[in-house]
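Here come two complexes built around chain A, the first alongside chain B, the second alongside chain C.
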Partner chain A sequence: MPSDNRAPLSLKIGAGLGLAFLHLPIVLIFLYAFTTEQRSYQFPPPGLTTKWFAVAWNRADIWPPMILSLQVAAISTALALVLGTLVSAAMARTKFFGREQISLLIILPIALPGVITGMSLRSAFALMDIPFSTLTIILGHATFCIVIVYNNAVARMRRLSGGIMEASADLGANAFQSFRYILLPNLGSALLAGGMLAFALSFDEVIVTTFTAGQQSTLPIWMLQELVRPRQRPVTNVVAIVVFMATIIPILFAYYVTRGGSDTAGGGK
Partner chain B sequence: MTPAVTFQHVSRHFGSVRAVDGVDLTIAEGSFFAMLGPSGSGKTTCLRLISGFEKPTGGTIHIFGDDVSNTPPHLRNVNTVFQDYALFPHMNVRDNVAYGLMVKGVGRAARYGKADEMLALVKLDTYGDRKPSQLSGGQRQRVALARALVNEPRVLLLDEPLGALDLKLREAMQDELKTLQQRLGITFVFVTHDQGEALSMADNLAVFNEGKIAQIGTPEEVYAKPRTRFVADFVGSSNVLPPDITRSLGGPTAWSSLRPESLHLTAPGGALLSGPVTSLRYLGAGNRITIAAPGGAEIAAVIPAGQPVPETGQTIGLTFVPAALHVRGSA
Partner chain C sequence: MTAIPAVLPERGLADRLTGLFWRRPNVLLALAIAPPLIWLGVVYVGSLAALLLQSFYSIDEFSGVVVPEFTLKTYAELFRPQNFDIIWRTLLMSALVTLASAIIAFPIAYFAARYAKGRWKAVFYLGVMLPLWSSYLVKVYAWKLILAKEGIVTWVAEKLGAGFVIDAILAIPAIGGNSLSTSYIGTFIVFVYVWLPFMILPMQASLERVPTSMLEASADLGATRSQTFRTVILPLALPGVIAGSIFTFSLTMGDYIIPQIVGTSARFIGLAVYQQQGTAGNLPLAAAFAVVPIVIMLVYLALAKRAGAFDAL
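== the complex of A and B ==
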């Protein structure tokens, strides 16, 4: 309910400064992608140019991490969609001993610090003699992607009237038809939102990736390495814009498809 | 004639809870059968045993002579009108009704034709394009009915279908359901906790208590001759009289029951029952009074509207024709 008490001016200024502190640096990232000065970030930029986009496009060392990141995000999201949906169905539809505990265990990877998840996965992979590769990165990312999909799907499933699956069976639909015609259409936007958020989360993940990667690097890790080199700095900013777009667009889309509902969960990691 | 549904000593236990416990039941084809009982009495579980959402832990269930004890719901030729209607929220009314045909592979034109026919049957012909969320409770109930009827089931199960409707709508729907059942000639199995609903609609009814059938018979039989104290009390809230009072009223030394509406006001002197009025409740169509009779029994009587109403505390007499006293062997 809106209050009649208006906030004092000082509070408004404070809030404005806070928001500016949070978001101005992002504007600077965009700005420095167009600067003519390539060794240091000086303000204001001595001149503006769009040549760094062409330079970035032609740099051979950007493409492998870019493709790897897309690959990892896509596969771990797909994996999470299947497993997250299945586990949410189990959690929402049945009651069994230890259900609450298992529910907590599923959420845990996103609550745990990435360093812990990363370390534990690294030692587990080493113990099992699994070489660090694209596969291990995907497995690492899937651990938290599942949580995002699960949270979205389970919230939707709880909201659905439990009777509709029974009604479908009652009317003669087999299990596959009930899934295809009743569950999936009702779950669709929640899965889309969960998948988008999971993709975005995976695409800019650094910590777990650092622990589970072998020699290859994903795009965020490439950026981290690039920042310490003084050569062609604005190229990093161009890549940052790409990462920004690749994550913000899915998140906005997820927000759009589930607006009105309160079941977009886990967008904040 | 093969009965529509038979239960042979059917049980459904959930752990140590005996939701349904050794039920024997025969439902004749083409009848309107009511399962009446308080919540937790096993009536809904019995319905779910017929639809296939529960499997019996003991006994066998036949539908038109076929043993369906292990048949999954989607392969049974029975359909259900669910308590909360369970309409598919993402489909419009026509698609909801046509769903049963769609999953069977009936073509679009044919299934929409049939769906519109069903919607006309429940007087919702112009509502096909609406979403369930745009309908009132009574309209949703009709859609649920049309959707369950589209597959032409031989048995239609109704799980407290009128529970969510207001009184006026409920009474109108009772008449409509009864007419519909007679017109279609299919077997209706109706679960309710409302004894008035069961008595007015059913050809036969079973009264459930604690997972067992307390009595089964026509509404007249169950109402006039309750076999147990539970039935006497649950169906029509009869006065349940212990053996000594039965004897003082001219009956044998046995438990008996007496319907409140078969008692009439009379002068206290020489009346069969007399005592001070302990409570008085206005019912609209009459007044319900309770008197404290000798021997500690509380006796309720219904006085039709228009007759003089005694005051609380006033000593009155009650009388009845001897045939109204229904004597049972046991409590």
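== the complex of A and C ==
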């Protein structure tokens, strides 16, 4: 009977296989970081070694992209936190002319393919003779990070009762005190989650970055170059593990701080 | 006893501003929304305008310098056979990837929406969210390892004595190739893998809204499982499928990393944009190529809106 509460076996198998398909490939990234074979992707690995971690640590060409990626992600996240919180505060409760258009404008940078965002910025820089720099990378990253913070913050603002701000005002707090002592603590975990996700997104962004970076390399761009022209392949795997961890840990953390209100974290990348 | 005043005295600028915000809420609204609007308006909309402008310029064929004069010449170039092929190939790939994602996503979304309870619900949520958010490049790289000629797929097939199956698949004209990682099949598999979570989430959201009572009513009226599926569940899940297809279609159309790493040397729109602005140095043509997915997505979104897909986002 279709209405009983046990899933048919075929559905269970389909769902299980689907989840396995989503997760198993990543395991190989870890395995290949330990292989002794550096010229091909031979499976099974002929031998296992941990030396690539040390080799990666000592490779001078990995550190500058690493530091640049951290800088870009940190600054973009900070900018997105300020801008995303402001726009979510304006959008959460009030209705005004052009509100629909603004919400479309916020979502557009991630709704359109990255190549369009990248190419648009590239065209603008070319037309205005702006040289590529760390700043041009940040301009792109902060733009698509705003929506991540916005999604998290606006969901929390909608759930907050409007009464707490009124109560705060009644008790003699001015707007800034209410913001500092009432609104901010209540938004805290949502902003933390949004910031974490924005950081993760920025840290591994490659599509927009290739159009805005010029000669500089972020860590994902370094990885892309290694994928196109491989040198010591297992070293690339070690870096891939670092990038994977740098995205997965913030995501798990964001999930952890916002669980319960499960619809907030995420909502479309 | 002194009377306590109903209105407290002002304690400086902060209080005066608070009073202003109270009397004129629009001032506060404008102050809050101005910085993000200016950012998005200047950086993003400005850039999109620059893209559009650039696409109406052309390049001087002899000097290779961009001529800043309005012309439709660059758009006409899109219709040259080699460029039109790129657009056509990209559309076909996007459509196939979308279709395959919908088929693979359905069991996961349906199980998560209807049968997963408590801890399993969390497992499914994280099980879809983690691959969605984890590093894009790492995911693509994983598939390069898997599909390589000396990689795990070949090894497993040989151990099972099924090596000839892979050879047969690779021998298919047009979509086959030297190895999985240098064929259209490889590109297709990686596209499906990377964008699958974007299909699962909206699909699950729309399936969660199908009331159980409707399935019971369908069963009471004598429908078999497959009849219920075809006539009740599928039509109600359709907005979710369309919402998901917006993501898979648009993301496949704009991607240029995956075909570069796994696949033949044949170009897709994204790759054409990248190469035209980079090595070829033809910014106007790159911009014109980038406008193509925008136009296609606008049409697609208009159709999706008519089908009610936005309620499922």
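FYI, the second predicted complex is superposed on the first by the 242 of 269 C-alpha atoms of A that agree within 3 Å, B and C clash if a C-alpha of one lies under 4 Å from a C-alpha of the other, contacts with A are read in each partner's own complex, and residues count from 1 in each chain.
Convention: contacts are C-beta pairs under 8 Å (C-beta built on N, C-alpha and C of every residue); 3 or more make two chains touch, one makes a residue touch a chain.
None of these values were measured; they are calculated from a predicted model.
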Exercise for the section: Using the superposition on chain A described above, determine whether A:Ile146 touches chain B (first), chain C (second), both, or neither. Expected result: second
Problem - Touching partner for A:Asn186 - first (chain B), second (chain C), both, neither - result: first
Exercise for the section: Would you sort A:Tyr256 into first (chain B), second (chain C), both or neither based on which partner it touches? Expected result: neither
Problem - Dominant contact partner of chain A by residue count, chain C or chain B - result: C
Exercise for the section: Would you check which partner chain A:Leu19 touches, where first means chain B only, second means chain C only, and both and neither mean what they say? Expected result: second
Practice task
Applying the touch criterion given at the start, work out whether A:Gly172 contacts chain B, chain C, both or neither, answering first, second, both or neither.
Solution key: both
Exercise for the section: Using the superposition on chain A described above, determine whether A:Ile102 touches chain B (first), chain C (second), both, or neither. Expected result: second
Practice task
Would you check which partner chain A:Ile164 touches, where first means chain B only, second means chain C only, and both and neither mean what they say?
Solution key: first
Practice task
For chain A, give the residues common to its interface with chain B and its interface with chain C.
Solution key: 169, 172, 174, 177
Handout entry: Complex contact set, residues of chain B against chain A
Key = 51, 53, 72-75, 79-80, 82-90, 99-100, 102-104, 147-148, 150-151
Completion exercise
Within the complex, chain A is touched by chain C residues 8, 11, 14-15, 17-18, 21-22, 25-26, 28-29, 32-33, 35-37, 39-41, 43-48, 50-51, 53-54, 66, 104-108, 110-112, 114-115, 122, 124-146, 148, 150-152, 154-155, 193, 196-198, 201, 212, 215-216, 218-219, 223, 225, 228, 247, 250-251, 253-257, 260-261, 269-270, 273-274, 277, 283, 286-287, 290, 293-294, 297, 313
Problem - Footprint of chain C on chain A - complex, ascending - result: 1-3, 5-8, 11-12, 14-15, 17-19, 21-23, 25-26, 28-29, 32, 40-44, 82-84, 86-87, 89-91, 94, 96, 102, 105-106, 108-109, 111-117, 119-124, 126-128, 139, 142-143, 146, 169, 172, 174-177, 197, 200-201, 204, 206-207, 210-211, 220, 223-224, 227-228, 236-237, 240, 243-244, 246-248, 251-252, 255, 259, 262, 265-266, 268-269
Handout entry: Contact footprint of chain B on chain A as seen in their complex
Key = 160-161, 163-164, 166-174, 177, 181-182, 185-186
